[in-house]
């Protein structure tokens, strides 16, 4: 303890690195499991999980640290996905789908890797632009404003025929079926989120979330630290969007609208909104649950008959389970970060730990 | 028999213990001041008595029945009226509406309308300024008037005990004098039991009655306010707080 | 010109009723109820016999209008109260985010329950067909339904306003909306007030269901969704928890949508909603607490 106090800079990194390392190990384990199973549907399921990990971690960077619920982040996923389509599709197909794109962009055809990075940055730039305006708001007004932003993006992408093909499905995006890029993307997202959380921006942002008055008094520029998180989460959401486009090969504006917004938010909140561990495990747990229910819906042989859930029951059960989890654990399943199980310096993982119930309220 | 009995009450917020095994009783018709510095746990204790934050340990009895962990509305309906810190008037409601919210608990009783009307008259007699402005929004009242309103509102429930958290908070001394004058008058002719929380013990010494001094979630002293004022124990207890508080 | 006014008023009516339903519950519980839209859909489907065909098998919907309308309102109110008792009561002390997600999950359950019974295909239904005949008012031709929608909304809003201002229940609800804990300390029964708010909100959902069902002639498990999003925005712009604000903002958004539809150049019209949402952001920037700031929205139950 005394040693920690002497070099606080280093100790925050060291004390908390367990969290991203454990989560990375989890990601690698999932990828290896996929390899071992070797079936194509299973491979696709795992790719979906990794993509959602990226999206939910991206959400966590802003929502978890700032405490402001955002309904708009899937808008950045939309930006990222379409940008990836613009950058990686063969020029001929672009001519068909997006006749209105500028010629230089039509001529470009990048491999999916650099394409995804550029798409992520593209989404990040827009996140910064929108954030400049939106970060002045807080609380529920900010949530609604982010939703309005999502709806704006959706309306524009669903109607700008020559550049986005409007509501038509965009086909011809190179499909990437190997699991590694998705796993790497998820790990990158986890480390970005962790580095942000322990950086002074992340610390200041959580301070502002838990003690807004004190944070203001100590000179924290709340809109600015929020903007940093918003921009960064925009980049991660954009990356998720690009990879999602490559995983399914088809995009439409409505792929990136309310359905995806709510499922990702649910994963975040069920897992534990204020922790990175919660964000990642929320995805894994809810995804496995959804898969399990789908499997039951398709039918399981029991003896010599098949037992199958009627259609629609899967979603109903999912909703019921979510309500049950939240009723029992309103702070989500993991309101504390994962840490080394043995000999940890501090099991609470202080720098990332969620603040428990604040007495008297901070209003 | 005591009207209110608090036995070994402990209150926690997460890992923080705000009140530790506090015990006292209050007899019918008595006036009791609970004083102590900021963070002594006075308001937490009040919230526990009113049923807002149930205590982690101990029990609370009111009028011979256990009220530990019961809902605030049930406790209010038993005749314990709480006036919380910070004068929570319903700012968008008119003054008269504020006053009649509390009569809702009697609507099942025979003749409640007549009694509610006379209770209203009585409150208006006690605080004429409220009658004058009965139809204006409560949020527009001054601090002293709001304090009168919340006391009047508590009276409308026809309580056996009124507990008031920091009635002098944010009021000019002469306004505080007025508020206390009315309180003492009310106590005299309605045989009301009063539990008053104040940060400073000066007021308790002026008014007289019993006083409990709290610090760090515990009771340090319990006795006659005026006698305590002359003793050195109080001074010691008071000035001790500079180092220990958070 | 007059046509535009009537269009704006009738669209605004829907948004206002929806916003009011959300604001009522938010006021007493700080819950933004995403399941509200699904209550609307449920109320309409209650008229039908479960089937997956494209043509609805009308069941309860065969009732005469004076039974039909109370029936739908009661179904809405009943489901809404049920959702309070079964689900939301467990979330009284949860954070707004947790409550929102729980309400979303509940909406999901209701929607897929309907999907199981009725499939996701929209069905045609003729609900109160007499109302689609055109009438002429002050020189503008419009469906009778539009007129009735506007009048009925105004009647409902007036009735609700009288109810909230003049009755004991309304008084308790207003007090609770402002400071729930204080109201309880004055003997106001929390469960009663909250259930009352849910019942009113559900009945409003039923009213929207009737209007939507007869306006479009179809029922669809998604039908509540679009109205609810705008209503939800209206609630916030109006000042969360402020009933007057919700109604005002509902009408304003309805007006903004209709006006933009007429004044925007044709090539920009598909992007109308983007302009409406942009306006929403602008309003929030200038008045983050809403047009009519409600008092005491910071306190929680």
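Labels for the chains are A, B and C, by order of writing; each one numbers its residues from 1.
Heads up, the rule we're going with is that contacts are C-beta pairs under 8 Å (C-beta built on N, C-alpha and C of every residue); 3 or more make two chains touch, one makes a residue touch a chain.
Keep in mind that this is a model prediction, so the values were computed, not measured.
Among the chains in view, C has its Cα centre nearest the centre of the complete protein Cα set. Summarising the inter-chain layout, the chain whose CA centre lies farthest from the centre of subunit A is B. Chain pair with the highest count of contacting C-beta pairs: A-C. Subunit A and subunit B, compared by their mean Cα positions, are separated by 49 Å. Centroid to centroid, with C-alpha atoms defining each point, subunit A and subunit C lie 31 Å apart.
Chain centres here are Cα means. That of subunit B falls 41 Å from that of subunit C.
Touching of two or more other chains is recorded for no residue of subunit A. Note for the complex: subunit C touches subunit B at residues 168, 171-172, 174-175, 178-179, 181-190, 294-296. On subunit A, the positions that touch subunit C within their shared complex are 69, 133-134, 136-141, 144-145, 147-149, 151-152, 155-156, 159, 258, 262, 265-266, 269-270, 273, 310-316, 318-320, 322-323, 326-327, 330-332, 361, 363. Against subunit A, in their complex, subunit C makes its touches with residues 32, 87, 90-91, 93-98, 100-102, 104-106, 108-109, 111-113, 115-116, 225, 229, 232-233, 236-237, 240, 270-274, 277-278, 280-281, 284-285, 288-290, 298-300.
Listing the residues of subunit B that touch subunit C in their complex gives 50-52, 71-73, 75-77, 81-82, 84, 88, 90-93, 97-98, 100-102, 104-105, 107, 139, 153-154, 157.
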